[in-house]
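Labels A, B and C are assigned to the chains in the order they are written; within every chain, residues are numbered from 1.
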Amino acid sequence: MAEAHKILATIKTALEAGGQPDGHNHAAAPAPARKVAVTAGAERAELATSLARELEAVGGKFVGILSPDEVSNRIVLLAREIGATTVAIGEGVSIDMEEIGAALERADFKIVKTVPVADVERAAMRDRVANAELGIAEAEYGIASTGTLAVISTGTRPSSLTLLPTASLIIVQIDRVMADLAAVLASLGPTRLAEHRMTLITGPSRTADIEKRIVLGVHGPKALHLIVVWPRDE
Amino acid sequence: MNEVQLFSTCLAEEFFPEVNDAVATVLERLRVKVIPVRRAFCCGQVAFNEGLREEAVALARRFLKSVEPSKPIVVPSGSCTSMLKIFYSDLLVNEPALAEKAAAIRPWIFEFSQFLVNVLKVKYVGARYERAVAYHPSCHLMRELGVRNEPMTLLSAVSGIKLCELRDREECCGFGGMFSVKFAHISAAMLEDKMARIKESGAEVVVANDCGCLMQIGGGLSRAGAEIETRHLAEVLAAR
Amino acid sequence: MAASAKGDFFDSSRAAVQDHELQRKLESASTRHLDHFAIVKEEFPSYEDEKTAAHRIKTDAIAHLDELLIQLTDKLQDSGCKVFFAEDAAEARKYIVDLVKSKGAQHVVKGKSMTTEEIELNPALAAAGIDPVETDLGEYIVQLRGEGPSHIITPAIHLSKEDIGQLFTDKFGTEYTAEPEKLTAEARERLRAIFLAADFGITGVNFAIAETGTLVVVENEGNGRLSSSMPETFVAVMGIEKVIPRLEDLSHFLEILARTATGQKLTTYTSFITGPRREGELDGPAEMHVVILDNGRSAMLADPVLREALNCIRCGACLNVCPIYRRIGGHAYKSVYPGPIGSIVSPNLFGSAAGYLPFASTLCGACKDICPVKIDIPRILLHLRWKETEGEHPLKWPAALERARSGARRFAGIARHPRTARLLGKIAAQMLKPFAHNGYLRWMPPPFGNWTKYRNFPRPHPQKRRPAPAENQAP
C-alpha cells in the first residue's frame, strides 16, 4: 500500500502545518466493557414502557409485556392477524425459538428456519426469507429513550430476518432494555461489537423523500412488532 | 458611569444621521454624557467581509486610535458592534499590537440596546410612541452578540406602542453588505419574503437596530410603494 | 450533477430565484423539518451537552487523524477488509471501476452516499458499461431524472409528488398517481428484485470506529442495509474525516445526527459493519473493500481555520435553515455539496469554479446556530474570502461586480480619512438631492446599479443638526 503511506504522510504534514494541539498518541486503547447494572423490577417495567412508547411513536406496534409461557400463543395470534402464511425464524439469544416455531407449525404456518448456509444455498435461503410475511428475531438489547432494538447477526440469526420479510417481529427480554444508547454501547463493548454485524432498529423502514411525507416500508419491513418478555424465574 | 463614546458608523453618518441624534437624545435623557467619536468613520466591516483584509486593518487601526480606553463605546448597529467586538480578533491575527488594543477595549463596546438594558439597567426610557410596530432582529445582533431580548424589552415598555407579531422574524432580510449588490437577485428574493411578512404583521413601522437592515428593508418598501416606515430602535425610544 | 458542470452560479441562481414553485417546495419541506427539530430538541434536555461532546471529540479526532487512520486501517485489515487510500477522485473511481470489472459484476446497487457523488462514480461506471442503481428512494428518483441530488439528506426535495408521479409514469408506463404511498410501493417492488440479484454493493460511511474497525451507516429506508449485506462484493467509500476513536464516542454523534437531520431521535437503521461475513452466515459480502478518500481534505487540514469544517457530520441542517439555500435550492450551487457547508467545502474540493460561493452569503449565522457540531460557518466563509482575495489566482468576477469590489476597496481607502469621507459624503448628497423622492433614489450609478435594480436606495443626507424626531403618531 504505497499510496496509503503517501496519503498518511500528507495528512501528517498537513496536521503539523495547521497546528496540532497536543502531541500525545491518540490511537484509542480498547475501553473495558462496562458491567450491566441489574435493575430493579419497577424500573425495568418503566424502561420497557418507554421503549414501547417510543417505538410506537415511530410507527412500531407494541404487542405487550408477556411471560415466557404466553409468547408462543401470542405470536400465533399475531401471525394470523397479519394474514401470514410463511414465517421466517432464527435462533433466539435467550428465548427458545424452537418452541415458538413448533407452535406456529402446529397452527399450520409454513416455517423458514435460518440455519448456517453454504455458498450454493445462499440465494435460495434468501428468497425463502424474503417471501415470508413475518420474520421473528430476538434483540440483544432494547433502548428505552429512543424506542430502539439492537439485533446482532450470526449464522443462525441473520440480519435478513429483520430486513426481508414484509413484517418484522422482534422480541426482547425485559432485563435487556437499557436507558439509552450510551448504556447499550458500553454494555456491548468494542470486542463483542467487532465480532458481528449489529443493527440498531428504530421502527419500520421509512422514507420522507417525497415532499417530506412519511411513508413506511420502503425497502425493509412495512411493520415492526415488539414483544417484551419477562424472565422465566419471576 | 456618566460618559460614553458614541461611534456613529458610516451608514448612519451618511444615510441616517437622525439615528445618531436619537441615540444621543435617549442617552442624555438617562443622564449620560455623549461624546461622539469623530476621528473614525467606519469600522471596516465592508472591507473585511469582502476579503479585503489590508484595507480593513487600516480602518481598524484608525478606529483603535480614535477611541479612549476604559470608557464605554456605544454603537447603534448590531453588525458593526460584532465587527468591533468579535471579528477584530480574526482580522488582527497578524497585528499583535493592534490585537492587544482591540482586546483591551472589547469589554467596553456595547450595542445601543445592550447598553441600555444590561449596563444602565433600564427598560422604560420615558418614550411614547402610538404606532403599530414590528421588530426585525438583525442577524449579527442576535447570533454574534447574543442580543435577543433587549430590544423587545425596551419596546414593550414604550407607552402607547402596539407591537405586532412578525412571522419568521429571525430570518435574514438579505442585506449582507456587498452581498446585496453582488448577489442582488438573491438578496432581493429574501427581501421580498421579509416584506411580505412585514405587511401581514399589520405594522405601520418596522424597527431594527442595524442601519444595513434599515437600508435594505426601507429601500424595498419604498420601491414597493408601501406606506410602512422604517425606524431605528433609538428613534422610537427618543419619541415622546 | 457533476462538480465540474458548466455554467456559473450567477446564471443558475438568477434562474432559481424566479422559480417560485421551487421555493414553495423548499419552504414547506424545511418548515416541516424545523418543526420536528424544535419538538425533538425540547424533549431532549441534554442536546446542548451532546453537541459540546460531539464537537470536542471530532475536533480532537481531526487533530490526530493520521494516528487514527493507521489504527483504523489495521483494524479493518484484521477484520478481513481490503483498504485503499485514494488521493483524489480519479484514483477512487478507478479503483472501484476496476474492481467491478474484475468481479464481472452485472448488477451494482448503491446506498445513499454523498462521497460517491463527490467522486462522480456513476458516470465513470456508466462509461465502463455498468449501470449502477441508486436505491435510496430520493436518489433513485433523481437518477431516473438524470440529475444529481439537490440536498445532502433529501435528494429530491426540489420535486413535488406530482413531478415524481409523472416521472414514474414516463419511465415505467404505470398509471399516474401522485400518492407518496403508491409511488414508494412501486419503487420498493422494482428495487427489491434488483437487490436480490445484486452482486456488487456500494455505500457511504457515516462514522468509522478506529478501535474496532467498524463502519457505521445510518439510514431510514433499508437501502444501506441491503446494499451492504446482499451483494457478494461490498465497497464502502469514506472521506478521511469520518474516523472517530472509540465505540463509546459514537453515542454522542448518533444522539444528535438524526435529531438535527430529520427530527428523529435515531434513524430507523444504524448498521455496524465490521468486516465481511463470517463462515456460515447468510448475509454480508464475501469480500469487503474500504476506500478512504482524501481529495482535497488534507489541504483543508493544513489550514487551522478551515480544518474545523472537517467536523461536519453531513446532517444537512445548515441547508434547511439557510435563507439562501431556501431561495435557490441545491442545484443552483453547481456543486455536489450545496448550502452553507457546501460553500465551504466545494471551493476546497472542486477548485475555483466554486470560488464565488463563500461570497454568496449574508453571514446571517443561522447555520452556525443549528450546526450540531458547532462549526462556525460564517467565520470560515470570511476566512475563505480573504484566502481567495489574497491568493495567487484571484477569482474573475463579472465586470459589474468587479467594479463593486473595487468600489468597496476605494471606499475603505477614503474612510481612513474621516474628514475627507464626510466631505465627499456631503458632495454626493448635494449631487443626488434633486433625484430623491421621499428620501429614496430609484436609480444609482455603478457600483450601486445592481442595488437599484431591485429596491430604492436611501438618499444620503449627512448633517449635523438634529432633525425633527420620529413622529409618535400616524400622520
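By definition in this document, a contact is a pair of C-beta atoms (placed from the backbone, for glycine too) under 8 Å apart; a residue touches a chain by one contact, two chains touch by 3 or more.
Just so we're clear, the structure is a prediction, and the values are computed from it rather than from any experiment.
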#### Entry: Centre-most chain, if every chain is reduced to its averaged C-alpha atoms
C
### Query
Which interface, named by its two chains, has the most contact pairs?
A-C
### Summary
Here the gap between chain B and chain C, centre to centre from mean Cα coordinates and rounded to Å, is 32
#### Entry: Centre-to-centre distance between chain B and chain A (centres being mean Cα positions), rounded to whole Å
54
### Task
Can you check the complex and tell me which residues of chain C touch chain A?
25, 28-29, 32-33, 60-61, 63-71, 73, 75, 79, 83-87, 91, 135-138, 141, 154-157, 159-161, 164, 180-181, 183-185, 187-188, 191-192, 195-196, 209-214, 220-223, 225-226, 229-230, 240, 245-248, 250-251, 254-255, 262, 264-274, 277-284, 286, 292, 294, 298-299, 301-304, 307
### Query
Can you list the chain A residues touching chain C in their complex?
1, 3-4, 6-8, 10-15, 17-22, 25-31, 54, 58, 114, 116-117, 119, 122-123, 125-127, 129-130, 143, 145-148, 153-155, 158-160, 163, 180-182, 185-186, 188-191, 193-213, 215, 217-220
### Task
Could you pull out which chain C residues touch chain B in their complex?
13-14, 17, 23, 323-324, 327-328, 359-366, 368-369, 379, 382-383, 385-390, 397, 401, 404-405, 408-409, 411-413, 415-418, 421-422, 425, 429, 438-440, 442, 447-448, 450-451, 453-464, 466-467, 469-474
### Task
Report the residues of chain B in contact with chain C in the complex, numbered from low to high.
10, 13-18, 21-22, 25, 38-42, 44, 46-53, 55-56, 58-59, 62, 87, 90, 128-131, 139-140, 142-144, 160, 170-172, 174-191, 204, 214-216, 218-220, 222-223, 231, 235-236, 238-240
